[in-house]
Amino acid sequence: MRSARLEPMVRFGGLLLIGLVAFALLLLLFGRNPLRAYVDIFASTLGSAYGFSETLVKVTPLLLTALAVALPSRIWLINVGGEGQLYVGALCATWAALHLADWPRLPLLAVMALCGFAGGGAWAAIAGVLRARGWASETITTLLLNYVAILLVHYVVFGPWRDPGGLNYPQTAAFGDAAILPAWPGSRVHLGLLAGLLAVAAFAFVIARTRWGLELRAVGGNAEAAHRLGLPITRYVIVLMVVGGGLAGLAGMAEVSAIQGRLRPSLSPGYGYTGFLISWMAGAHPIGIIVGAFVLAVITAGGDILQMTQGLPGSVVNILMAVMLFVVLGRPRARA
Amino acid sequence: MIAIFVRSLLSGAVVSGTPLLYATLAEVIGQRAGVVNLGLEGVMLVGAVTGFVTMVHTGSAAAGVLAAALAGAALNALFAWLVIDRRANQLATGLALMFAGVGLSALLGARYVGRPITGLPELPLPGLASIPVLGPALFTHDLLVYAAVPIAIAAHWALFSTRWGLAVRAVGENPVAAFAAGRNPRVLQYQALLLAGALGGIAGAYLSIGVAKTWAEWMTAGRGFIAVALVIFARWRPLRAVAGAALFGGAIALQLLLQTRGVPVSSFLLDMLPYVLSLAVLAAWGGSGRRAAPASLGRVFQGSQ
Amino acid sequence: MTSNPGGHAVKARAIVTVLLVALLLYPAAAPSQGKLTVGILHIGSITDAGYNQAHAEGIQVMKKNLPEVEVIEVENVPEGADAERLMESMIQRGARLIIPASFGYLEPALRVAQRHPDVKFAHPGGYKRLPNLTTYWASTPEAFYLLGMAAGKVTKTNKIGYVVALPISFFLANINAFELGARAVNPKVETRVVFTGTFLDPAKEATAAAALLDQGADVLGVIVDSPITVVQTAEKRGAYSVGYHYLGAQKFAPKGWISGVAFTWGNLYTRFARQVMDGTFKSENILGSLNDDLLVMAPFGPAVPADTAGLVNAKRAELTAGKAHPFTGPLKDNTGVERVKAGEVFPITDLGKMNWLVEGVVGQPR
């Protein structure tokens, strides 16, 4: 009984191992010690209190952006726009932080979170509506909107919201203390982590235990039949995109408020895309998402560690990610 | 004044549009066979670095372009194996391919930054080059530029007037039916992806040895993703891809040109034009746009893999 | 994969054991006594033939001068959460001097510096300091003024084009100084600026350069990460070029090279390292100039006639002696607003506030 639930986890672990071995061979090719490298990575990401806290900091946005993909994927919608939704969420949260700067902390943060969610949700809604009307695949529209979102952030940061005291550098003014999401004292782990974990839990609950979840599974299983049964497909498309985009927008708000303290174009090193990968690797499964977020956080941190301790160029982390992904994606399928 | 502006705009559109055209053609061919490759960016980068390194060592532009095509085809072959034989999810594998391409190209190219090459030789077409305005704008470029539109025409011909093209499209529409009709979807998809990889590699090579004559990490700067959008814009037809690439290339050139004229618009807002245009076109073409897509490509989007 | 839970458990145990053993054998990263470890973060690739390479070469010079110093070097570090984490990592590995070599690293560096008062930081281009965080830069406007003079004399069309990454105030100041220098010798000179929007995109730079040349520019300058693309484009079209950062770009323009300016950080980094080792590290706003070893101007190319070279060198002496200033009023910006009154100068220390382009420059500073 228990082995049936353990089975996919163990299989996933076995695949990761194969990926790690493949990368170890690559390292050997470059004359490096793979065991030393892996131990360095482990020690710096999971093996020390500081390292673990930093891993949690990285995991936080990934949980939300992975959900941004996982939720719509339940009815086979493909949201590659997490990055753009994150940025627009950050943009809206920044608006609140800059224009309501004299508000007290709690209401301000609440409004910022609301704005973040609304911004990301609205951004995703564009693609959702286009898809719901049958006009354009959300895969492409969300991808295009990513670029527009980043350019929008560039525009405001260079233009109307540029920090008057910052050497004309592209960034907004710094947020006041009230606009900063509180962190666990002594580390950078912030409230966003709680939000992310709650969101995953909510996701798991809704899918498994509510009527909506049942309807979602019906739509995802057979859209035609569901439509004939009278389920409002269009509404689901839009709602799921909005909620998914909103979660990514929340990630943007969390990053800009807790980690950066101001809006810059360099806000996200690809959290949206990494979230996409996590969700697909995990099969949109809640526990898989948490595990996947940790794995990817470790891998991306690992790249920097490899530069520091093994003298490998930064490009190597990309190859590592690709190798791991190829292995997991190319896994043998039980069914056709 | 106007003449200079038009000339500059056309020339810039050609230079910016050529790599987009090659990349879009690559993606059109692949998608016509039913496979989406989001990792085109990685293929272009591998082509760019290979073309550049080859030219540094051999001094031959032809060798560079050839090597780039082979490198692109090789990377796409890996992609093909993963999505066809291993049945990996196309979109996720494409993104992984992008990471692979970025990493591999950076690794290969690290020692070649700042190396001088002569690049693709400029070949003004006799007679045509002396037409006022249009001449210098369109007919003083290099071989890859001149070859782009003919290759697009060839792609159109291959897809729509040959048995091979028919077979490829059949696979893209309905691989099961194609198989039942005696075609081999697997082989056809491999062929399409190898060809696509070669074109993607050439697109990258044009950037490194044609336009910039240098190598820099991630020098494609997202052009591979623009191409994926352009495929939709072109409704999976190579000839429309020419128009799309010209439009997008023109938008990029326009943004830069307007700056030289001191026009007070934010360069970032101008940069948004190509993407907003694509979205507008997608929305405007509506349902008919979707019907233009290869049917089994649509099924992939439904995630039935 | 067979569903053999027992077999899996055995395998899992074995793997965990190996990892634990390896972990125990892993020597703790204790900082070696007496030896200095320097950590440096780069925003880009150190082989970019430009900005990042200059910092990396500075570190190499430091290593040559002080072979006992160890270096931890990381490239392509995004500005943001990662930068802070990496600096902490370096400190954990024993780094006692950290050089976060990009403007956007300032805030993370300030936070880390506050947590580790015994670790020293040196930030290029920063505008806030701490007792253990010093800032440094080299004032380039004087150099650009001189480059402008040379270009102003050499140009035949009186149109100069500049390909610039972003409208950051340091870069705007350089352009302004350039135009003022060019105007000083040639009142008809006009400089057009195109912003590519990013520090490095060779294809866009080439296209921007071509557009400027089409508009009649016969001199091209560049302020992006690496000057190679623009210099090459200029040379190919028979135009003159002005370089920045990587001076090796001169070999790409045997005919059209005017001159260029680059940062040489090696001696400064050596000084920093020595100060940390001696305990004499001070936090101050170091602003280098043409006078010292932080900046170097490239030799003039064959396009620059001897009398122009003489003129420029004479002006250089004046500038470095403090007898002249690149931003002497009255100065109007290119929308007609007066920015510097007659008889006053725009102080170099205020460059951070320069968000306008001077009259004669065609472009939008945003």
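First chain written, first letter: the chains are A, B and C, and each begins at residue 1.
To be clear about the criterion, a contact is a pair of C-beta atoms (placed from the backbone, for glycine too) under 8 Å apart; a residue touches a chain by one contact, two chains touch by 3 or more.
All figures in this text were calculated on a predicted structure; none of them were measured in a lab.
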Checklist outcome for this item: Contact tally winner between A-C and A-B is A-B
Item to check | Farthest chain relative to chain B (centres taken as mean CA coordinates) | outcome: C
Checklist entry - Could you state the distance in Å from the CA-based centre of chain A to that of chain C? => result 33
Checklist outcome for this item: Rounded to the nearest Å, the gap separating the Cα centres of chain A and chain B is 29
Checklist entry - Tell me, which residues of chain B touch at least two other chains? => result 106, 110, 217, 266, 268, 271
Checklist entry - Among the residues of chain C, which ones contact at least 2 other chains? => result 45, 76, 197, 366
Item to check | Sites on chain A at which at least two other chains make contact | outcome: 154, 158-159, 313-315
Next on the checklist: Help me check something: in the complex, which residues belonging to chain A touch chain C?
Outcome noted: 3, 6-7, 10-11, 13-14, 17, 35-36, 38-40, 42-44, 47-48, 50, 54, 57-58, 154, 158-159, 162, 166-171, 188, 255, 259-261, 264, 266-267, 269, 301, 304-305, 307-309, 313-315
Checklist entry - Which bits of chain C are touching chain A when the two form their complex? => result 1, 3, 5, 8, 12, 15, 19, 22-23, 26, 45, 72-82, 84-86, 88-90, 92-93, 103-104, 107, 125, 127, 166-170, 172, 197, 351-355, 365-366
Item to check | Touching residues (chain side chain B, partner chain A) in the complex | outcome: 36, 38, 78, 82, 86-89, 91-93, 95-97, 99-100, 102-107, 110, 217, 222, 225, 228-229, 232, 266, 268-269, 271-272, 275-276, 278-279, 282-283, 285-287, 289-290, 293, 298, 301-304
Item to check | Complex contacts: residues of chain A adjacent to chain B | outcome: 73, 76, 78, 80, 126, 130, 133-137, 139-141, 143-145, 147-148, 151-152, 154-155, 158-159, 273, 276-277, 280-281, 313-323, 325-326, 329-333, 336
Checklist outcome for this item: In their shared complex, chain C is touched by residues of chain B numbered 4, 7-8, 11-12, 15-16, 19, 106, 110-111, 113-114, 116, 122, 207-208, 211-214, 216-217, 219, 221, 223, 252-253, 256-257, 259-268, 271
